[in-house]
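Both complexes shown next keep subunit A, but they swap its partner, so subunit B is in the first and subunit C is in the second.
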Partner chain A sequence: MFEITYEVVVFILGITAVLAAFGVILCASPIYCALYLIGNMVCFALLFLLFHAEFIAAAQIIIYAGAVMILFLFIIALLGGAKEIAEPSVQRSSAFAFVILLFGELLLAAGVEPTRPITGDLAPDVINAIGSAKAVGIELFSRHLIAFELASILLLIATVGIICLAKYSYLPARKPSK
Partner chain B sequence: MGNQFVLIISASIFCIGTVGFLIRRNPLIMLMSVELMLNSVNFLLIGYSSILQTLDGQIFALIILTVAAAEVVVGLAIILTIFRTRHDLNVDHINVLKG
Partner chain C sequence: MWDDILQFIDPVLNAGFIISTIKAVVIASALLGIVPALVWLERRLMGRFQVRLGPNRVGPFGFGQPIADSIKLFFKESIIQSSADKFLFHLAPAIVVFTAIVAFSVIPFGESVTVFGEEIGLWGANINSGILFVFAISGMGVYGMVLAGLSSNNKYSLMGGLRSSAQMISYELTLGLSALSVIVLAGSLNLIDLVDSQKTIPFILVQPLAFLLFFIAGVAETNRAPFDLPEAEQELVAGFHTEYTGMKFAMFFMGEYINMVTMSSLVTLLFLGGWNSYGLPLWPILAFAGKVFFLLCVFIWLRSTFPRIRYDRLMTFGWKILLPLCLFNLLVTAVIKVLYFPTGIL
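Then we have the complex of A and B:
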């Protein structure tokens, strides 16, 4: 009898994430690509839940599937989701050759046995005892404080850049060349 | 589920994102492919932080999430500005920096 275990759920979610990723790059219309990308992100968030990373799963849903994808959908609505006609070219075939080579290399790297096994001391029951968000917070504000501060500076720079880009309306200086 | 599965899923989605970035000509879909690649790396980091029983991977994933949010916002603003001046959404036609 087929039984739903942890491994089966992880396997199904992983395969669904791969299929959704194929949907992102194969759909002609950008709006369907965005919807497939949301599906992919939700699959990843569920996988993060299964990997005992509850805080990151919530952040993934709120930031990625919420804020970023809504921004994408607004921009698509603003620009018009024109379909794209794919024409075969040398660039396309060389891109496929490059990516197949890259995938083979990654699989080769995945097949290597671990050279120096490392393990931390945070078993899942420890994280469950103190809570994932609390554990992440303690780690973030003690050992990774500089990275956290740099991330905040990065967000500030992005905000300033957006305001600079959006403030002026650029008129075409000459006719757009074809 | 073993770490081989995490590696293979992550490598597949990274390669799908790469091929999407290389073959698509719509800048919005190219940005989405970059998001796919960042997401696959996030998945690898979190899977390994669960396998190795440490929290460093989750912190890395959080920082990557921040970088991805900043990147996508700036990228969309640039695409919008280009569209305002040129009324064209094909990256092959965007070959001069000056409007």
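Then we have the complex of A and C:
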């Protein structure tokens, strides 16, 4: 009984996420595209929450929906959110080919092996501990330590690169008259 | 199909569901009711600070003033200029109020009490990563301001919205990192556990620097003076809500005041020991309310004391002073914790 309603909720959220993703690529106005993307991310956070991954859900909202998408909106606001006009071009048709390719890949991936349920001790406190910040932290800092540290170095390099690119010289545009 | 749905609803309509519904209604209406009281308090206190009387004509001590103001706002004409994006224009104030109320839903304000044989916790929801939830939802509140700035089709609104997003992102880091040093000490993200770990001594005495940083960042997060750059009157008319009138304008104010209450509650929970009264004969809920009230007065006090700081200095202050201090504090706290209190402090 509970399983059916749970699965219905998961299904509705998944459908909403897919519809929001379609909204991102089909909407003409960049502001609404960004809003659809935020909706997509919120749906994912809710899905994580349904799968008992509380910490990941919070992190998803804080980092992606809260910080990254604000920067997207920031840039759209600075560039002006004018509507894009659809015009046929080579890039457009090649994009469609790429989409079809990706769908084929998705079908292949789905057909590799049937999904398996998680087995083992599934007491409520065990399930609750899976998604906690402690569990995620222990996993990150033990089994995935090298990957984690490499990612942090990559982020540091990106930060230094951004500062180098964005730094402008303070030389006066015009030489001061003598 | 229908049997499934009925079977699902049947156990849902038990005591737990009813209690949660009542809690949600009480918290939301209490928050909305607190706003006019806070506006009155702010105007009276500001009057005192500036050696004048403040509102004192409508009712005793001017108590009727907020009621008169809200009636005025309700009946004002709602003007939307034709070049605005109608949908986003309506959505923006709704986001601000919605996120403000939802963020408060995980704030606990006392230990659980037993009423009619049911144990009722004095909180909306007790979730494991409570403090992360507050940060996540209040971070979503920025969208209200940014969308208000974007949809108004007005350059001053746009600048206000941009400033608010930049300011909120910058100070959210300080807010999160200074809260993290307390979380490291307590070893939990749950707000009730955080309060319980302050039974003997409040964290403000252990982490005075983190308290100061958290409070400064909290003032900046709620867009209060001296950090009210998004709506700097002298340079941006009224910032992101320039084009708003009537009730939609009032909703931005409701969001701001509810955020003030949430921020004061967070400071109380993290640093002032929540509902622990440390020997004073007080009900836990009164101890909590008293601390929050004191912090709200400090918010108003700050507003009437400090001039607004310049935008570039605000950013410099956030990134070059507050953030390094936060990281340093966190590092020292973590080292001390690992070396001397590996099993938990206090």
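Rule of thumb we're sticking to: the second predicted complex is superposed on the first by the 137 of 178 C-alpha atoms of A that agree within 3 Å, B and C clash if a C-alpha of one lies under 4 Å from a C-alpha of the other, contacts with A are read in each partner's own complex, and residues count from 1 in each chain.
As a working rule, a residue touches a chain if its C-beta (ideal position, glycine included) is under 8 Å from a C-beta of that chain, and two chains touch if they have at least 3 such contacts.
Please read these numbers as outputs of a predicted model, since none were measured by experiment.
Contact with subunit B, but none with subunit C, is seen for A:Leu102 once the two complexes are overlaid on the shared chain.
Of the two partner chains, subunit B and subunit C are each touched by A:Phe55.
When the two structures are aligned on the shared chain, A:Ala133 is found in touch with subunit C, with no touch to subunit B.
Of the two partner chains placed by the overlay, subunit B and subunit C both lie in contact with A:Leu78.
Of the two partner chains placed by superposition, subunit B and subunit C are both touched by A:Ala67. Put simply, subunit A uses residues 55, 59, 67, 71, 76, 78 to touch subunit B in one complex and subunit C in the other. If you check the complex, the residues on subunit B that touch subunit A are 1, 4-5, 7-9, 11-20, 22-26, 28-29, 31-33, 35-36, 39, 42-43, 46-47, 49-50, 52-56, 58-59, 61-63, 65-70, 72-74, 76-81, 83-89, 93, 96, 98-99.
Within the complex formed with subunit C, the residues of subunit A that make contact are 1-2, 4-5, 31, 38, 54-55, 58-59, 61-62, 65-67, 70-71, 73-74, 76-78, 81, 128, 132-133. In the complex of the two chains, the subunit A residues touching subunit B come out as 6-7, 10-11, 14, 17-18, 21-22, 24-25, 30, 33-34, 37, 40-41, 44, 47-48, 51-53, 55-56, 59-60, 63-64, 67-68, 71-72, 75-76, 78-79, 82, 84, 86, 91-92, 95-96, 98-99, 102-103, 106-107, 109-110, 118-124, 127, 135-136, 139-140, 144, 147-148, 151, 154-155, 157-158, 161-162, 165-166, 169-174, 176-178. The touching residues of subunit C, counted against subunit A in their complex, run 4-5, 7-8, 85, 88, 127-129, 132-133, 135-137, 139-140, 142-143, 146-147, 149-150, 158, 161-162, 165-166, 168-169, 172, 189.
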